[in-house]
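Each in structure tokens, the structures are laid out below.
The two complexes that follow have subunit A in common; it is paired with subunit B in the first and with subunit C in the second.
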Partner chain A sequence: MFLLLPFDSLVVNLLGISLTVLFTLLLVFIIVPAIFGVSFGIRRIYMKTLLKIFRWATLRIERGAKEKNHPLYKPYVNGIIAKEPTSLEEEIKEIRRSGSSKALDTPEFELSDIFYFCRKGIETIMDDEVTKRFSAEELESWNLLSRTNYNFQYISLRLTVLWGLGVLIRYCFLLPLRIALAFTGISLLVVGTTVVGYLPNGRWKEFLSKHVHLMCYRICVRALTAIITYHDQENRPQNGGICVANHTSPIDVIILASDGYYAMVGQIHGGLMGVIQRAVVKACPHVWFERSEVKDRHLVAKRLTEHVQDKSKLPILIFPEGTCINNTSVMMFKKGSFEIGATVYPVAIKYDPQFGDAFWNSSKYGMVTYLLRMMTSWAIVCSVWYLPPMTRQPEEDAVQFANRVKSAIARQGGLVDLLWDGGLKREKVKDTFKEEQQKLYSKTIVGNHEDRSRS
Partner chain B sequence: RHAAATPHSLAGALEQGKPQTPLPDGSSRTGLKRLESQTQPLGKYDLQGIGELAVNPLGDRIINAFFKEGEDLTDFRSFIRVLAHFRPVEEGKSNETGRPEPMNSRLRKLQFAFQLYDQDSDGKISRDEMLQVLRLMVGIQVTDEQLVCIAERTIQEADQDGDGAISFEEFSVEKLNVEQRMSLRLLK
Partner chain C sequence: MGSAHSMPEEIQELADKTGFTLEQIEHLHRRFKQISGDQRTIRKESFDRIPDLEFNPIRSKIVRAFFDKRNLRQASDGLAEEINFEDFLTIMSYFRPMEMNMDEEQLDHFRKEKLKFLFHMYDSDNDGKITLQEYRKVVEELLSRNPHLEKESARSIADGAMMEAASICVGQMEPDQVYEGITFEDFLKMWQGIDIDTKMHVRFLNMEPIAHCH
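Presenting the complex of A and B:
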């Protein structure tokens, strides 16, 4: 037994050392390319492999479900209700015909006329254009995360084993790796920018600052295993401009900042966020506001305008929606950033939900929970489109300009452009449609002007 | 409403109808429960944002039918209960005594429609309430005198007990084809 003890601890030691060495090698292997901005393409191979596995898993579920006769959920792209293509007049006639025995042609009001409007209204609640878009986001394949499959049931042993393996890999291998990477990235950012801050202002400082920023954001991108495809990089924002993008999650910042050098805008937070903010502003002029200053719109606008007018300063990064939206639509843009009068560079960000849902539902999850969820997903795959720059035309005001930019972003990203709350033009359209319906209906109860004189 | 109460789940829930009935397939009830736990409260604002509903002359009243008096939020269960009114009536099912009235029965459908008229919930449609609904449905197309004329004539014809208002019994008389007019058939 005495012989076993030293042998035991030797094995354990060796195991520990080799694991640490492997881990560190892995880290270095990931971080070094980040420093130089090159990519081995490993993440893309990873993505392709995952897709193959997902496809297999989906087929397995479908086969299993057919055998057991389970109702599977499938996206109802054509709507779920059998809509009858009758117009208002025909329908009212039907109601009258089946109701009383009076002559059909006399204009008449029936209490049961409201059945038509009632049914139509409930129909739109159950199945309207907007909802159809959301249902298109339901995954046709299962990505081995139980959080996305509402119908997760025991289908087959192989599938469950695969899922279990997935959990193991994600939580025990990927998660520690990612946390280590994130830690490295953030500490490098804080330390690097503080050091650069001590340099005298000049070309060297700018150069180093830019590269420290980019390098650390790239490490963070790898910490999330984010696979990003950039389109139209020639339209990247220039100095003196404002970069505007749709907002799905706090990760948006990392995604954009790893491909370009921006000045951030925001409120100073406490905690880790605050430490990062204070360090980063030493190296280059970001625009941070105290909590009290944020309420003062004039002050905010003034500082932003000053920043934008200085051509040596970096483009500002702003998310005008103000809150995270679930990446199927673009909500109303707040007009503040569009009043400043600088060139606006719109950017559309669209996440692929197959690998992990990046939407941050801030009422449901706190920041830490959210980040943990992100780090235990398979990957975050997204596309970024840099749209051509836009400027405010003389005949439009800030709101119209904001809506124009919003439409461009929505169109590019394939997102629904929800204008129902905000666009002035849409208000008028709503009223005209309503009026038409009312006109049609009033004909059925009152008839044309000639009939009126008879009664 | 958006991320959670998606059409397929509504379709499923509607097929099951009321929550108190025991479901033959146990797993679907779990699905329903899971869905319920994942949904957030629905607000009036969410429904008001539906474009096609906003152009419906009775849009606002229909939205109010989903919410309790004075409240702005409703939960998934209550939302489904209201939608359950519009489930098609199953063929050949006799009304067994002792079971609670199903949500999609003829009676319930008529009650839903009646409630759109009777805003103060006193069980009668007064002349003013009738005028309000008429005004909503015709907008500016018809004059006040004509509307008053129509309203009074309708009340006269329907009123049996002579109280100048239409009670629910008077409303329910002879409304043929309620089952068809107030039902939504789901595509398979």
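Presenting the complex of A and C:
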């Protein structure tokens, strides 16, 4: 037993030294820059190296496939069937024309009319626009994460070794580092804002609050290894405005809040989220609602309007889609935030899925699983564009204004602009939409039914 | 790093039976999994997951057609409770485009199959003919959502069309002759001159392989 002791203390010493070194490195390279908002550029070098490795990996896969003489298939982003853009009227006329020799303008029902609807129905069953948006975007080259390996089976030994190395780095080195950082960031946020909350209201409090918030969000950004490029920062939201952005995941909040000082809007949760929410509201006026209040639209609108009209208060951050979309499109914006009458500052966020898919598929993963997935990806790379502010014109209503903002965001981010409601992820189509198609067809059939003489 | 192809022989069998290519089957399989929510079979409720389908006035008939045992080439008739991937492919194969290399007989057979699918859509009680009642039902469904159209008008439109059909099939009728309904042969007769091939198929987009150039 005595023989082990000196050996033991050596191991303990070594452990102690390495931990100290690790922490110092952590402090110097990550936390201090976060406090001051500077960057050494380490993450960008990391990103470039990764890209080189991915390119090499994809080449190997293609070479492997070529050797075995199998063609590889690109995941098809635009759908798998050719949908003809002809309208209902044209098609029905064409079908009738090819059939009977009767005059085309007699509105009658024909047996063949059913063809059009039948085919359209089968087409939507095979492939439809909306459901595609709710599953993670498929990649064109492999990024060494097994979770994105849908199509690639031709993986050689070298590639497997590389993948194994990747797993080791991600799970044993990056993950603990990131968890430590996240822990630091969140605890600093809670403690810092509570402390600031005790100060009397005034310039000092505001100044400190802003910097505590920014610092902690920056630490969280580094905890996810998020590499963000901000464009057009001169359009950043001002006090008394509303900041509107497309929603892909809860991380959007961290990304935007690390570059600007916002008032958040949301429902009070329990657990850790609740603790953070309650602490943060002590330092600056965020708008939190109780669960019961959220259903009351007038109350929500009233509180938001009050907040916005007070020019000393911060810009509100809102995600009008209401749910997470997979970042290939922008879905319908709920009109509530556009009725308030404040200046809207649109922001477009586009993630690069090559390094880690940021989309939160809430029906597939819970929050904790999602965060773990984020922390074991290579990095989160995204671009943020601040668009010039927009206000509601006198001749447009809230819905039109919302659509205008949506198109601007979709155009800037390179996303598809869809009219569909993000709520379709969970609910069914509203009845008003269903009637449109039927009305159109009936008009074609019935048409001048009133003055048509029947035999 | 799982492999996408689980059992290539099974897929080849499916390809031979239904006439789809391997890649098309793979895509349809993914679509099947999406609709079924990763289960092995689909039920009628699974089609509720497709929002675009709500637009379609004959949605219920289309969904029903998937479960119709006559379309599934099973001996009995009636409706199946749930269908698996092979059944799904069987129904989809009715909408395959005609191929260039088919001969006259194959083309004719293919055409008959497609028309039979449509016939089954009309003939819901499976007595082998489309009666006036069934015809009326289809027209009513197609025109059902128009609030300005009364049921009477829909009915008269259906009656008019049925008379038309009768005159094509049977020719001039005696005053007291009752027209039973449109049988499948009559149905075929009505379509004789018409080219339904281009209207009753869904074209798959060309799925290009990744170019191997460096």
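Just so we're on the same page, the second predicted complex is superposed on the first by the 332 of 455 C-alpha atoms of A that agree within 3 Å, B and C clash if a C-alpha of one lies under 4 Å from a C-alpha of the other, contacts with A are read in each partner's own complex, and residues count from 1 in each chain.
Keep this in mind: a contact is a pair of C-beta atoms (placed from the backbone, for glycine too) under 8 Å apart; a residue touches a chain by one contact, two chains touch by 3 or more.
Being a predicted model, the structure only gives us computed values, none of them experimental.
Residue contacts after overlaying the shared chain place A:Leu59 against subunit C, while subunit B stays out of touching range.
Of the two partner chains placed around the shared chain by superposition, subunit B and subunit C are both touched by A:Ile122.
Contact with subunit C, but none with subunit B, is seen for A:Trp163 once the two complexes are overlaid on the shared chain. When the shared chain is aligned, subunit B comes close enough to touch A:Phe359, but subunit C does not.
Once the two complexes are overlaid on chain A, the subunit A residues touched by subunit B in the first and by subunit C in the second are 71, 73-74, 76, 78-82, 95, 98-99, 109-131, 135, 150-151, 153, 420, 433-435, 437-439, 441-442, 445-446.
Those residues of subunit A that touch subunit C in the complex are listed here as 59, 62, 66, 71-74, 76, 78-82, 91, 95, 98-99, 108-131, 135, 146, 149-153, 155, 160, 163, 420, 424, 428-429, 433-439, 441-443, 445-446, 449, 454-455. Those residues of subunit A that touch subunit B in the shared complex are 70-71, 73-76, 78-82, 94-95, 98-100, 109-132, 134-135, 138, 150-151, 153, 326, 328, 359, 361, 363-364, 418, 420-421, 426, 430, 433-435, 437-439, 441-442, 445-446, 452. On the side of subunit B, the complex with subunit A involves touching residues 2-3, 6-12, 27-28, 31, 34-35, 38, 40, 47, 49-59, 62, 83, 86, 112-113, 116-117, 133-134, 137-142, 146, 150, 153-154, 158, 166, 171, 174-178, 181-187.
On subunit C, the positions that touch subunit A within their shared complex are 1-5, 23-24, 27-28, 31, 34-35, 47-59, 62, 92, 95, 118, 121-122, 138-139, 142-149, 153, 156-158, 160-161, 164-165, 190-191, 193-196, 199-205, 207-210, 212, 214.
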